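Shown below is the structure under consideration.
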Amino acid sequence: MSTQIWTRLDYDRPGKQVGHLHLPHSVHRSAYGNIVIPLGIVAGGKGPTLLLTAGTHGDEYEGQIALTKLLRNIDPKSVNGRLIVIPMLNAPAARAGMRTSPIDGANLNRAFPGDPLGGPTAAIAHYVSSVLFPMADAYQDIHAGGSSLDYLPFVSVRQSGDADLDARAMAAARAFGAPLIQVWGYSPDPRLSTAESNRQKIVSLGGEFGGGGAVSRRGLAIVERGLERLMAHLGIMAPLDESPPPPALEVEVQGRDHYVYAEADGLFEPLADLGESVLAGQPCGNVHDPDDPLRPAALHLFRRDGMLVCRRHPGQVRRGDCLAHLAAPRRG
Amino acid sequence: MSTQIWTRLDYDRPGKQVGHLHLPHSVHRSAYGNIVIPLGIVAGGKGPTLLLTAGTHGDEYEGQIALTKLLRNIDPKSVNGRLIVIPMLNAPAARAGMRTSPIDGANLNRAFPGDPLGGPTAAIAHYVSSVLFPMADAYQDIHAGGSSLDYLPFVSVRQSGDADLDARAMAAARAFGAPLIQVWGYSPDPRLSTAESNRQKIVSLGGEFGGGGAVSRRGLAIVERGLERLMAHLGIMAPLDESPPPPALEVEVQGRDHYVYAEADGLFEPLADLGESVLAGQPCGNVHDPDDPLRPAALHLFRRDGMLVCRRHPGQVRRGDCLAHLAAPRRG
Amino acid sequence: MSTQIWTRLDYDRPGKQVGHLHLPHSVHRSAYGNIVIPLGIVAGGKGPTLLLTAGTHGDEYEGQIALTKLLRNIDPKSVNGRLIVIPMLNAPAARAGMRTSPIDGANLNRAFPGDPLGGPTAAIAHYVSSVLFPMADAYQDIHAGGSSLDYLPFVSVRQSGDADLDARAMAAARAFGAPLIQVWGYSPDPRLSTAESNRQKIVSLGGEFGGGGAVSRRGLAIVERGLERLMAHLGIMAPLDESPPPPALEVEVQGRDHYVYAEADGLFEPLADLGESVLAGQPCGNVHDPDDPLRPAALHLFRRDGMLVCRRHPGQVRRGDCLAHLAAPRRG
Amino acid sequence: MSTQIWTRLDYDRPGKQVGHLHLPHSVHRSAYGNIVIPLGIVAGGKGPTLLLTAGTHGDEYEGQIALTKLLRNIDPKSVNGRLIVIPMLNAPAARAGMRTSPIDGANLNRAFPGDPLGGPTAAIAHYVSSVLFPMADAYQDIHAGGSSLDYLPFVSVRQSGDADLDARAMAAARAFGAPLIQVWGYSPDPRLSTAESNRQKIVSLGGEFGGGGAVSRRGLAIVERGLERLMAHLGIMAPLDESPPPPALEVEVQGRDHYVYAEADGLFEPLADLGESVLAGQPCGNVHDPDDPLRPAALHLFRRDGMLVCRRHPGQVRRGDCLAHLAAPRRG
Amino acid sequence: MSTQIWTRLDYDRPGKQVGHLHLPHSVHRSAYGNIVIPLGIVAGGKGPTLLLTAGTHGDEYEGQIALTKLLRNIDPKSVNGRLIVIPMLNAPAARAGMRTSPIDGANLNRAFPGDPLGGPTAAIAHYVSSVLFPMADAYQDIHAGGSSLDYLPFVSVRQSGDADLDARAMAAARAFGAPLIQVWGYSPDPRLSTAESNRQKIVSLGGEFGGGGAVSRRGLAIVERGLERLMAHLGIMAPLDESPPPPALEVEVQGRDHYVYAEADGLFEPLADLGESVLAGQPCGNVHDPDDPLRPAALHLFRRDGMLVCRRHPGQVRRGDCLAHLAAPRRG
Amino acid sequence: MSTQIWTRLDYDRPGKQVGHLHLPHSVHRSAYGNIVIPLGIVAGGKGPTLLLTAGTHGDEYEGQIALTKLLRNIDPKSVNGRLIVIPMLNAPAARAGMRTSPIDGANLNRAFPGDPLGGPTAAIAHYVSSVLFPMADAYQDIHAGGSSLDYLPFVSVRQSGDADLDARAMAAARAFGAPLIQVWGYSPDPRLSTAESNRQKIVSLGGEFGGGGAVSRRGLAIVERGLERLMAHLGIMAPLDESPPPPALEVEVQGRDHYVYAEADGLFEPLADLGESVLAGQPCGNVHDPDDPLRPAALHLFRRDGMLVCRRHPGQVRRGDCLAHLAAPRRG
């Protein structure tokens, strides 16, 4: 079964086109309705195809803004190759300001390679996997921590097991020029978008550029400048200047013990800050229960040494929530 | 009609008691149920009564943590007078992590002086107004920006129109020792808790100590140290040390033009940071619409000079949302 | 402002009429809609007017069944006086099987004397208070424990403070012939239907005839037989036989300490049964927390001597829920 | 207490202004948020003030479109006097496409004269009653049948009991030039917008211009042409031509028996059409129950002679829904 | 895995049986509950089996009424062969008056061939595909536009690719005698009920007989008369008269460009009427935005010549909604 | 694909461990969240592994309490073999007090053998099937009637078709010592937990120990004593005493006619009690409709002889609900 998603745009036409993907969605309020997903195509000259997506999670905004500005401002005459740009890939989630789709409750970044006859989220994943990835030479899916996590901004690479592909991805990440590069060396879930693009042998970048459901001015500046450098690295655009990207710290998440999970419900008082280097056994934070003020706070410790790159944003936590995660200096 | 709220604690008993207020709430899942609100009373010796509340908005956490720790740690023998401490005043909202009550949808800080037979939120306001305020000499209601606003931390005073009362409140605010003191010189709504406590001639403080629905480590430190200094100022506790509080900047919100409101729906890219001094006409931020990438961004300007003390937290905005507000140096 | 509720039935016409009250309710699905409440009027000869209501809480069923069967089976020629019978007074709640109205969330037995322009629940209370009570000489509002409580079946009287009225109500309760008569000697809330009927000097009975949201065969038999005896006592119907009602135990609820409230969230293991006589300090039940199996159970004790007449039905409890209440032998 | 609604527009400034009313609404997603209601003011020369509102019910669209087009197209230089135009008065309901507000569930046309501290719907009614009506000489609130009713298009007048005011309203209705004029001679509810404007002695028109939640091309043409004639009648605009309005049929709703209400749940098969003259006792329609196909259909008859001006739109009905209403030739 | 749906009716018994299908549905309110779907079987003599379904979409009513009346009125002695009649196939959707099931959110006409262990909608589709279709010689699934579309009434045929089957279906459609016959020549979705019946080589008809969630008197008359003619055509009933069906116009939907989709959110002002012949480039309608009255209306044009057979019903539209679709004269 | 559920407990470590299963659940409120399920492991000496689960349905409480108490009280030194104890297997349902999961709406006992990448309920079933069952020699899944059914307490065995396995299960059931043993001789659904454990050749018991969403003191005593006897039977614990279990009545559910289903909506008046022996044709109960009091009650009869072991608990019923089921003396 092939995709039911359609568009009036033409992926092969030179110039700048901005329009929509239409995902048929027959529901009570519209028997012949469509979920509409903004799409931009900018093509010119000879060169590779770079696919850029944001809004895979609807409450991560730096990428959505950066790609909107990119489409608005880019001059197609400056392009060699092709950009396919989707600022809010899970459009229903993005319109709702939610991580997950309000229609089917699904998390798009746990839905790859997708299903053309599944719910809207699965159908979007399937379109990316079956139509867009086969056209792409390089891919970046731009993330942030969303409503529940604060992240130190970084560009990231997910290890594919293919050394050549990983090396090309790492070169692209370095060209991107973020102050921090994170390697996901531990990721059991095969349903992420970059897990699928890795399987299709596309040079793939991720990145977390802020969090808490807010817009980070610093994260936005990093991603806007990084996209310019990435397009220059790929030969799609001329570089803005000839200076090399600034040197970056390279770190790696190596396993479950890099994460701290809440062992009690309550309010989380953090005891370490993003960017701080911590030692195993050092306090990560307390969980207090204002419903029982005399109950002792639940103290949570880090299980490993590392740099604090991610911390829970909301004050309220439930047992099982991730409170923080670390990254260690990259091995080898 | 008098309140239906009851407690097994005794406001007149010396020592430390921690228990609950019971608000009868006869509903499907519990015909003879009660909404339970944690309450602490710490009394000893001679001295004034200080009422401390947090969780008036359920998603403002620094005060909830500070009052929970205060109740857990305080030695009643060190107290001269009485503390009445309610860490999560709108308990249903606090348990839900919401600004407003999930039961009746009401905002407790727009419900004073309350109604004993109204919804739970109105009944709580009525209990504070009719039972607790008559016992109190001083009052602080501890706030933060909640899920939708980020605040520079400050202690605050709401002008009552009674010069003597305002002078005593200002002295208490200075004793609190926050780096910033804000005077609410413009506040048309009579339904706030401190508007009612002002009407009852109680020395009243407010304060915003963080925001975004998170816990600010810096804001929490300011409020914990400030409560110690406030109790010392009132003679309830001995001061921790004899040093005077650090000097504070004093600012004032003077009118509607100190606020910037969104004129379009979309994603808010801020162009100024908390604590920054801005000029009238300077950009506050852009609102982008990723659903129509080619539509120009909506540029929002500040209408007055001032210091940026509050900014919207979530990236997603709707027309009419407050994007930012300023405060000006306090007028003579 | 007078009621907006109307009916095509005629309260003054002899014979048996069964029809509806119409409460105008202009909503999205029906701009000129009405909430429809079944109503029966059975009149003949000379005699007093007895108002019978059930379904004040929608999940209490013995009265709804008894009044439905009464209307179906009664021969109007056997009546001297008038019966006004409303089997499901809060019809939206009864159709939903809920204690409270799904439309406005309100508890009809906390809504008297009502408001003609309030929500539907307040408008129903107002109609009863302003139209039906002025026609009634006697009134019974038939209850059960609803979804959250199990009750030992009894007929009840609420003390009005008017000795003559209370004596006539007690005589009616004894005539009803239930094995247990309960006197509500403690009831701070003025918004119950029988509080209002007491204010209007109507001989008023209540009663709890089962619970748990189920139908008690024994409770239903007591209420069906009791209604026959009550109509005979009032002279509306001839008695079925000349035997006096069986002797009843008479008990009284005297204060808050007759109630046991949950002090913890969890699962309630009861340690005493309905009808059992208990002593102050005796175990009422444990609350276990399967989410933390090693946490000790929270043991709850009775605070007074008495007979267990009411116990929480659902296994799951939250702090503040009523676990049980007692009644003591009636004071001289 | 005065209104909390504010605007940056100036009611006294000549020319065309289009902006918004701001209704402060402090909620979880926006602590300092506002409900924003579009507002247009067109003023010039000397002349009366005409207030035009649509969207009092959010699912009635002809008026919303007509007033939007009027604001877009009108040349302020052609105006003598002042137009105050609000195309979607209950803006939250209109944005949701609902009769009632999704925020507080309220029906704006059952909320007058309103309450400045009530819910948003009551606050809007209060602003109209206390700020706009005192500025207005004439008023039209443009309706249709909404999602649940289909109406034959007409302009309408609600009898005020003030003969002079009623005569001036009738003259305005005739000038409007609709093919049908309906007089509401029976209307017990004092909470409609035109009931309040009548109390304030403003010449007031209503009208129903379609229904079923759709847009009637014919109804829209009648209302657009009617507004031009009404403005000419009031002297605000020059007439488009000198021809008199076409003659209209004048009818009246005289009482509850002009309405037919469903006596059963099921599917409504209508047996008469809009505009048809019917006789008392003639079939109005059947209600079928496909859940019990063998159950006989419930036949509903008209109770009076008259013209069918309104019929239920949706096929599904519940007992108590209005199936149809008639109007009779206007009495003397 | 075979179906879990069961019935106490016997498909092989002569005479008229009306009962139910039981679909086991174990949920909170009923652990051993069943979703109950009305079913009628009318059998006698020798002849083919005709399966008739309505309520595939719950808000399409002409078919539900026609099949209810058919079951109520039919004399089994007049039948040669067998009728299997299901007036509300997606019973949960029909009881809710919704296109889609309120239980699983699914659209039954996008669920074929179904799944016996999927949600209730998939289980119904599976029962039709695996139990009913194998018994049927002919099948009609009766539709209308539902809440969101208005249709010109027509009987329809979906091209199967099997010329013989299509010819027999076309003959049946002509016998049905509707004034319009539509051929679905473009339908990429394989999950419709008639796509599955085509795969099982059953002579299959569809048809749209009204819309807007209302009951069309004209559409109902067409479907009731058409069913009589269809049964006569198949030899199941004697013809009511010997007259041939009236001649019909035959049209065809040929591709996506026959459809017009909304390119903006707002209120839809239609500029062409059902039944009108239009030309490519002619206005279909405007979309107005009363939230921004000065924004120009979005004009939508037809992309092809054709007859307007379907138009959106509700005034409110979102980008992606179908505003209208055309049909062209049938190609030779 | 293997399970994503993880735990910090070690199934192979001697002693008593109580901790949690973590089911990764990436949602809006917690991007790296986990559903946490309490788990206890008690191991020592040599012996078989017994898996005990409760809370498969969240509103069945006797088993949840019994397993919580077992974990709290057991001395690991007394154990020979291993106990794996999960007091609330569908933890989200149990926390909500619901039969089904509030997250995905699924019934865990209709979800086996599960799916590691499905919803949380399917993932739990898969973990039990793929990780726990392979470790288990014996298994008991402890149930009750839940919110909608009342059960006479019994231990049960589901026939597997493997005579040896069934004999060993029957021996275990007799050792358990409940006063009633029920054999499920009719069970078409392959998705129950014990259907899967039967397929894996594990000695499997079930049982229903109460109902109505309450806690049965008698049922709890039976299950607590039964677990002791079962562990002794398996050799895991020493018997508490040497007395044989009391003799039990053995019954069997043999087919659909043992069940009575509601044929009308309304209120259920039962006419037989749990434990009663009934005859085919005897009244089971009436269904009354208080919305139409004059409509005759719908009388429901038993279809077979047998003992009433299960009856609907809530008074309100809908057509298709199970009102009662019988069991017959065990054959052969």
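A, B, C, D, E and F are the chain letters, set down in written order, and residue numbers restart from 1 in every chain.
Throughout what follows, a contact is a pair of C-beta atoms (placed from the backbone, for glycine too) under 8 Å apart; a residue touches a chain by one contact, two chains touch by 3 or more.
Keep in mind that what you see is a predicted model, and the values were worked out from it rather than measured.
Enquirer: Which chains lie in contact with each of subunit D and subunit F?
Expert: C, E
Enquirer: Not counting subunit E, which chains belong to the same connected group?
Expert: No subunit E: one piece.
Enquirer: So which chain is the furthest away from subunit D, centre to centre on CA atoms?
Expert: In terms of C-alpha centroids, the chain at the greatest distance from subunit D is F.
Enquirer: Report back the single chain whose CA centre is most distant from the CA centre of subunit A.
Expert: C
Enquirer: Can you spot which option in D-E, A-B or C-D is basically A-E again, with over half of the contact pairs the same by residue number?
Expert: From the options D-E, A-B or C-D, the copy of A-E is C-D.
Enquirer: Sort out for me whether D-E or A-F is joined by the greater number of C-beta contact pairs.
Expert: D-E
Enquirer: Whole-Å distance, subunit A centre to subunit D centre, using C-alpha means?
Expert: Their C-alpha centroids are separated by 49 Å.
Enquirer: Determine the centre-to-centre distance between subunit C and subunit F, using the mean Cα coordinates as centres, and give it in whole Å.
Expert: About 36 Å, centre to centre.
Enquirer: Which whole number of Å gives the spacing of the CA centres of subunit B and subunit C?
Expert: Here subunit B and subunit C have centroids separated by 43 Å.
Enquirer: I need the residues of subunit E touching at least two other chains; which ones are they?
Expert: 59, 314
Enquirer: Please classify the inter-chain touch graph. Allowed labels: line, ring, star, complete, other.
Expert: The chain contacts form none of line, ring, star or complete graph.
Enquirer: What's the complete list of touching chain pairs for this entry?
Expert: Here the touching pairs of chains are A-B, A-E, A-F, B-C, B-D, C-D, C-F, D-E, E-F.
Enquirer: Hey, which residues of subunit C end up touching subunit D in the complex?
Expert: That would be residues 1, 4, 6, 20, 22, 24-36, 117 of subunit C.
Enquirer: Enumerate the contact residues on subunit F facing subunit C in the complex.
Expert: By the definition above, subunit F touches subunit C via 18, 38, 40, 55, 59, 61, 64-65, 67-69, 71-72, 87-88, 91, 94-95, 97, 150, 212-215, 217, 220, 267-271, 273, 288-294, 296-297, 313-316.
Enquirer: Touching residues of subunit A toward subunit F in the complex: what are they?
Expert: On the subunit A side, the touching residues are 57, 59, 98-100, 107, 109-110, 145-149, 188-191, 256, 259, 261, 312, 314, 318-322, 325.
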